[in-house]
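Take a look at the structure below.
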């Protein structure tokens, strides 16, 4: 197995108009690692995730995901290949309301990856079972609870057979009771060896599941480290201040 | 129960939705909110919405009977009764009314089809296409319907030769085409409004799954738009149906001109009121079910436009 | 100025594009007259319909049931019938009874057009203004009074400006629609732009040119009005409310 990190972000910068959101962020993620990014709102966490899978083009720096140089991709074929490697799950689930849960999961493999519809359906059924929603295959998103919708969204992301999954504050919009069921699902994925990059506020979960923690503030990474050290002995003043507010 | 995404518990009362682009704060009373929502809808259709009640029909009938009764009393016994006269002319008026409906259906079909493409063109990422579509939409929205009718009546050729076949274009076809132009422009606005009201998260998640823009538009966005577009589309149709009486001004024979002809041949100008109210009652009978169905659909789909 | 007009005569000779409204003094006068008639019609109707709207909104709050009902029926009738039919009613229906003994109509067709169209638009305005007034919570007036404003002052400084800003988009829609609807007065022979153009093209046999000029003039006029109202609306917007 190669020692090269599967995601390598070097000194990325991004401005939206006059506002500079990312001011030089660098980090590496090894294959199979689970990484949590925390920080105050507006610190650029969600932007980092979206830059990694190419949804937001960067103004400077470089991003390498597996064998792709993300900022240099132009051809459709390459973008499709990248999006096959990296899937993202959103805070607002963004399921397609006019399709059933099963159809939501099958759509991208059939239309983007051009897989055989029967195979795609079989896989979709298996994925729904994996997130423990096998009896909701024919339900529409509007009929599902927030936690169920988020699990369908995770299954949808898994349908692309990614190496890396990005989670953008996926439990922030959920009731506390349903947060648990989603975290359990994410934990299982992490245990299976999927590379996960999470942006989250769930400190308890992060402490359990993460291999490495990053704290961003003002568009830069202020501190990072393994969770035990990170939570027990934060080195920087800002990290301490932020953690004392949350914990 | 599904909790609305992004809204923490306890901040908004049950069933309350914020205005498009607005705040959560109840700064102004519901009357203002209703007005703002109505404005958004009217702006899409380009005309005020018809709001018909059942008693409108009853009232029309009542006035018709009163007017008829008055004329009857004035006329005296030697003339045929009003009811006889109107009944005698009803088959002809019915044919005229059916013609109005046919014109409205055809103009709606043409206008809707072109309008969808014009609306999608307004959202194109190619700047020249989007600008041209925007200009065409607002050009035909700003032109009065009557002027467009005149334009088509006079400037469309009276026959067209395609592949060696000569197709005559009678007046009513030209008038129908003239009516389809404002329908197309308003449909374009309806489509644009519907597509822009789909949350951007849908576009974002489709992109993150590497769907092409065309796949996203046709497979994900437009199917969600159909429900939202239905109420304003039906309102547009009601307005168009009532607007078909305009073709009488450009010389196409429809129910109003036929009523005028009937009055002239009866040589009784005092029959004008009963006749017109009779025809208005027909328009009401046609438009009212559409209006009720529209209200039902609006409530059922209850979407913020 | 004459040289400018004469150029169009040359244009006719050279290309066959016959724009008599430029080089022929009579047609020019007619067209400009028609244009200004349209503008005058639009302005008069806008003003009168706003007055009707304010009066109707005020009367709707009256204590007398009869007044409230009259206003209500007025709105229902003028809202739900085609304006063309309304004009016919006024001009041919009511106008037929309003004649002097010599058979001369007492009310001219232009007056009927202004009256009819104003009543049509006024019906919508009554609802709009009513919604605007109802939009401001009584609590706001109470809050103002608790700061020492008199009732009149509270209305002038707080309620009316707020109500007006809420009404403006709806009023905007309605007035734009009204300006477009003035073209219907063609049907009762009001010498506005459409009617005058039809006279010009039947005299000078230049239908295509006149139709194009007419279309562009109308679109330009309405477009200008839409733009001005849009600017005004943007300047008057209550931030964070109503998109």
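The chains carry the letters A, B and C, assigned in the order they are written, with residues numbered from 1 in each.
Everything below uses one rule, namely that a contact is a pair of C-beta atoms (placed from the backbone, for glycine too) under 8 Å apart; a residue touches a chain by one contact, two chains touch by 3 or more.
Source: prediction; values computed, not measured.
Here B is the chain whose Cα centre lies closest to the centre of all protein Cα atoms. Averaging C-alpha coordinates per chain and comparing to subunit A, the farthest chain turns out to be C.
Mean C-alpha positions place subunit B and subunit C at a centre distance of 21 Å. Centre to centre, using the average C-alpha position, subunit A and subunit C are separated by 57 Å.
Distance between subunit A and subunit B, defined via averaged C-alpha coordinates, is recorded as 46 Å.
On subunit A, the positions that touch subunit B within their shared complex are 53, 55, 76, 79-80, 82-84, 87-88, 90-98, 107-108, 111-112, 142-146, 149, 156, 160, 173, 175. On the side of subunit C, the complex with subunit B involves touching residues 76, 79-82, 84-85, 88-89, 92-93, 96, 124, 128, 130-132, 134-137, 162, 166-167, 169-170, 173-174, 177, 180-184, 186-187, 194, 198, 207-208, 211, 214-215, 218-219, 222-223, 226, 238, 240-243. Interface residues of subunit B, counted against subunit A in their complex, comprise 1-3, 5-6, 9, 199, 201-202, 204-205, 207-212, 215, 219-220, 223-224. The part of subunit B that touches subunit C in the complex is made up of residues 19-23, 25, 27-29, 31-32, 34-36, 38-40, 42-43, 46-48, 50-53, 56, 59, 138-139, 142-148, 150-151, 154-155, 242-243, 245-246, 248-249, 256, 269, 272-273, 276, 280, 283-284.
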